[in-house]
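Two complexes come next, and they have one chain in common, chain A, joined by chain B in the first and chain C in the second.
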Partner chain A sequence: MADITLTATPVPKAGLLAAIAAVFRHRALSSAKVRLALLILVPILALTILAPVLPIQKPLETNLRAMMQFPSIEHVFGTDKMGRDIFSRTLAGVQVSLLVGFSVAAIALVLGMLLGTLAGFYGGLIDRAIMTVVDIFLAFPSLLLAIGLVSVMGTGIVPVILAISLADVPRFIRLQRSQVLSLRSRAFIDAARTVDASQYWLMTRHIVPNTIAAMLVAASIAAANAILVEASLSFLGLGIMPPQPSLGNIVRDGQTYLEQAWWISTLPGVVILLIAVGLHFLSDGVRELLDPRSR
Partner chain B sequence: MAEYTAKKLAQMLVTVLGVVTLVFFTLRLIPGDAASAMAGDTLSGEALQVLREQMGLDEPLLTQYLGFLRNLAVVDLGETITTRIPIAELLLRALPITLSIALATIVVSVALSIPLGTLAAYMAHKGRNWLDNGLTGAAMIIDLMPSFWTALVLLLVFSLGLGWFPASGQLNWSDPWALVLRLALPVIVLSLSQVATLARITRTAVLEVLNEDYVRTARSLGWSELRVLFRHALKNAALPIATVVGLSFGNLLGGTVIVEFIFTIPGVGNLLIAGINSRDYQLVQTLIVLYALLFVVINFATDLIYKTLDPRVQF
Partner chain C sequence: MNYQAPVKTTLLEVRDLRTEFHTASGTVTAVDGVSFAIERGERVAVVGESGSGKSAMAMSILRLLTHPGKVAGGEVLLDGRDITKLSEGQLNAIRGRLVGTVFQDPMSSLDPVMRISKQMIEPIMRNLRLNREQARAEAIKWLGKVGIPEPERRIEAYPFEMSGGMRQRVMIAMALSCRPQLVIADEPTTALDVTIQAQIVEVLKNLTAEAGAAMMFITHDLGLVARFAHKVAVMYAGRIVEFGRVEDIFANPSHPYTQSLLGTIPSTSMLKSDRLPQIPGLPPDMRYPIVGCAFKERCAAAHDRCLREAPRLTDRGIDHRAACWSQHGLEHGATLKVERPERTNKPFEPDGSVVVELNALWKQFETSRKMVVKAVNGVNLRVHKGETLGIVGESGCGKSTVARLLLGLEKPTSGDIFISGRAQMVFQDPASSFNPKMTIGDIVAEPLVVRAQGNKAERLEAVRRLISQVGLDPAFAERYPHQLSGGQRQRVAVARALALNPSVVVADEPTSALDVSVRAQIINLLVDLKQELGISFVFISHDLLTVRYISDRIAVMYLGEVVEYGAAEEVFADPRHPYTKALIDAVPVPDPAIESRRTTTPLQGELPSPLNLPKGCAFASRCPMATDRCRAEKPSLPNHDLSRQVACHYAH
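For the complex of A and B:
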């Protein structure tokens, strides 16, 4: 995903790599928040990747002799009305969640940086055109914008990713624009101008690299948010449709059996919460590492 | 103030026009068109053409667009395509329900979060951080909980387990107590995330004000702590709190869709989901415009309140 980010923006590689290097230079693991985030996210990620080789039932496999079973060693999260293993379905759902989260973050990051830089750097008509559209998008409550967009684009992973990204991009544009505006008037830009730096050089070498840190933090928050929105859409029956498992539609499936089999709905929800908390700590920790003032 | 109001009003109208235009043209992007998407495989040839004419899809795009604007301007919302019920009639029943839930949530969350946030700020100011730390941690977790999951957990514990609240059933407007019980869980679910946000903002705003000179002056005059806190600190912290209440209204509207769905409350949110499921684009476009309008109007009101609270604010 990171490669797409690099090739599709006018961002020199150095910018992104420098930001990541900065995180490690400040010894990322010395931050309690980053450690906590990794403590939560790494096991979830490992289980998700290892899911196909783990000794558990396949996510779509039914077993009519083990219907609605209480969590046990064999079925860690229990089973549903068709005897499907909830743990295995949850891991498959996490895969979808992570795909949606990272795709949305990448799309919002790329489009937001591109359009926000254009608006902030050139100003004038381009700025006014972009910001008018941004303001219109921001007039919609974001979950409702996503609901409206999937109602037009249909259900499934790709429409869900596009709908959530479209609802997120305006916020990224606005953030990037405000960063570019404040950087544009700084002394080092004037200094570069005095040595005849071209507009393109100013933008790609001096302005954009300085905006990356804040955008990466925003992107990781957007990823967590996208995972929650995808789950909400799928829960409402407007996102990812069964039998393809997603954390939202597993919870939806279990809603009918809340009284007889509470584990179907509640346990996958805990996993959503854990991922969101992990990403939140990660972005918080990275922000503190990148911003010397907050340390 | 009049000039400010006029300028904000003009801005709002431009945004509303943009919203309406965006919704109209987005719905025209549906592959095929709205009629064939709605009919699926059930209609063909002439029948589909009739549906198209009913929906006005056979007219030129500009005529459709102007017609849509005119109808909205005179609040002629048309009928649902599938059931032929006037949309205005559906809204008249659904909108009061959704607005009551939203309003109750705002009242409950403001009533809880302002004392909580002020207390946390006060204790942090005095060097006792445990409430502050606890509040910040809890607020973060609550903020990240998917609201549909919170709703199901509360439903499981308090309705199905303890039997304190009914999980479903008719909304009975003539029996206020039954109504309160029926709407309590949805309002609690929505209030949780609102309180998480608002208490944090209140805490930050009050803490900032507590370090100001005029608070020290007020103390030096020998006034009681409570009077200093409420008359001087909280009054000045009211600005950011009012703004956040306005801004979080968008999230609140999104939340109402989810709680209405879970607790089977016949509000606008359930209407929207039903509209999407039956591919009734007439209904869907009206409702999405309505949600955006509500949000825009609340933001407009927030701007005016802000200006009233702080006359120094410029455009």
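For the complex of A and C:
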């Protein structure tokens, strides 16, 4: 009977880490989308990490003799009205962006999976309680909700992260719940129940591993979105407060000088765009790789 | 079959049709040079395993293939006109007008947001150039012809207001309403109960005979072929390997594949002690070019020439062609491979002890609108050690609910269930009964892990033993469900069910998702396990021939009740309840000689709603011999200890 040959590609094992590891083991780089995403993201990430040791002006350092300078070799992105190096500030801003993006994705993923699994698996009162709150949250546009929450919690990195994740968690709960509901009626759950598997076993071994792929995709989209929301909040003066740089507040600073010094706003804006595009390609590529049927 | 075509004129001629699917992993030649002709008024059956290219061939004729499929060559002559050369617009005029199509799945083939009237009337207006009133009358007439009750009212229904059988009949009415000259039907009755199937087959037979339309239908049910077809095309690996009149194909099959297929069906004359012949191996991978005969690996008669050269279709008689180098296929004597596993211990002898006992079991479900569905109504059943109980009945009769109750997946509303030992399950669809993220090894080991039996090494050992017990290589433990074929997955399901040494295994339609050739393997496996391990089986199926073969006793269920119970042979040979009689009558027998002699009056109507059960006999509404007494007074099974029980006032 052993006349079916194993296909060459391993399939993701159960478990979050194993799933991620599997993506990188099997031909992650053969996907054009993933390659493009990495081509965009890796240099940005590398420059951000290397920023402290690069021969550039510190982000907060002013130089009143070199204000509003056009991009040059010394100041790659030019300088602003206080003679600060935009390139250096942009890299510091990217650091903030990435921190916000990944924290939001992680918080939304964990809370969404936890509450969504409980709501979907147990149903009844638990489900109704969780979903009522979710529905109330979902009635507001997420940016508006984040603005509201930030104005209550104050400005700074931590409140921004909390505000954006709180606005994102309901959507994660919804997604997780719908996945759990459809998995719950699958025959392999019944099969496990006939051997008296506990509810904990059903959730951790059968339900959660089958929801991870979709949740990771949602998380990577949420990360890209969070970066944009943080930029928007900071642009509106509600997020990260100057002088600490963030992509949003650099763009806001430069906005007044768009006619005299277009580079102050435009170049950090291009970086925001690149990060968002890169993360979207990455999430799309990861989704395709995680789906065993798409290969 | 005393069939005479009125005038022998060719309606459809297919010449050297080739269809390719361009996928990422290579080009699959799904149809590889198929040629045949259909005459007016003729019904041609196309049979073959899944993947043999039968659906792709049918879809290619009308160019209904979806991406990445593509017709790569050949001609399709409809009434002398080559329709492969037509533009999409010209072809659209032909689909519906000249050629009607019926697909397998009635649930998804109708538009769910359109009333039946809208879906039917507009094509009729367009194709027959009638005005709205005339078209409506025409539609109602056809709905009546296919057996839809109250067609004037039903035409305004939405598809979701109808049962599957009704929807399939609507599909057929739609396909026929534009008076096509050719009807192409892809497994038109596979999703339906045998009783409904019998009704629809009668309708189609009459309609093709009346209107003189030709029909090509695809099926894997050889019984249906015997009942319905004039000619048969047997497909294997994208080619027609045998083509001929139905009597010749069944009486005188010439290709080893046809011979094997016919051999794998449990026949009515077969002894219980005989094992079902099975076709070893799997069909070839169509991504790679096939050298020689495609069937050589699975053929007992294969010789040198078969390895080198592919045989072409050659004449074997009047209108009978086969593609095999040897004149008669498998020679007599050296026929089919009947594997017998070597027995280590002596077969189990039943000792009469009771393993499962259901006493006055009731189960009711409450719907969201506070209505009560009475799924199981007072069922008493016993299963003895080492015995197989077959439960048969139409869908909705409560047989699956009984299985779920037995396994503890549902709690009974009242009554008790006694099981000595443990009940385990083999599910219908092996594709969805496994967690796709777990390896086969983890799946088989799960019951042991959950019950904390043994340590890791012992469990690994147990998994290897269980997997080899069901006839698979222990190396399968490393694989994932989607890397296995349907038959292999069902073997794994059996291995898993055996992990906890159950006393009874409940198998709910375990073979209905499998091809005929694989089905025999699984049935043989279950029979072997029963004999070796003394496990009892509860075998639930609508495939009556299989149930008859595998079961010692049979319970016939109708609307949540057991209406007849007894030894399998007796129930089949001498059915006493009118429902049992109707069920057995509805099953087509894979023998055209018997089928042409049978005069079947199919059971009319459908199962009444389990929301409000009739006061008297549940079957009275469809029973040909029902009287006022039946409608007023409910017959019950006499004595639960009798070996033969019938719940009917008039059973002898």
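In this text, the second predicted complex is superposed on the first by the 273 of 295 C-alpha atoms of A that agree within 3 Å, B and C clash if a C-alpha of one lies under 4 Å from a C-alpha of the other, contacts with A are read in each partner's own complex, and residues count from 1 in each chain.
The rule we apply is simple: a residue touches a chain if its C-beta (ideal position, glycine included) is under 8 Å from a C-beta of that chain, and two chains touch if they have at least 3 such contacts.
This is a predicted model, so every value here is computed, not measured.
Of the two partner chains placed by the overlay, only chain B lies in contact with A:T266; chain C stays clear of it. In the superposed model, A:Y122 lies in contact with neither chain B nor chain C.
By the touch criterion stated above, A:A276 is placed in contact with chain B alone, chain C being left untouched. Of the two partner chains placed by the overlay, only chain C lies in contact with A:V195; chain B stays clear of it.
With both structures placed on the common chain, the touch criterion links A:L236 to chain B but leaves chain C unconnected.
Between chain B and chain C, B touches the greater number of residues of chain A. With both structures placed on the common chain, the touch criterion links A:L144 to chain B but leaves chain C unconnected. Annotation: chain A has no residue touching chain B in one complex and chain C in the other. Residues 1-4, 6-7, 11-14, 186-188, 190-198, 201, 205-206, 209-210, 292-293 of chain A are the ones touching chain C in the complex.
On the chain B side of its complex with chain A, the touching residues are 15-16, 18-19, 21-23, 26-27, 29-30, 140-141, 144-149, 152-153, 155-156, 160, 249-251, 253-255, 257-258, 261-262, 272-273, 275-277, 284, 288, 291-292, 295-296. Chain C meets chain A in the complex at residues 281-282, 404, 407-409, 423-425, 427-429, 432-438, 446-447, 450-451, 471-473, 475-476, 478-480, 482-485, 488, 496, 499-500.
The touching residues of chain A, counted against chain B in their complex, run 132-133, 135-137, 139-144, 147-149, 151-152, 224, 228, 231-232, 235-238, 248, 251, 255, 258-259, 262, 265-266, 269, 272-273, 276-277, 280.
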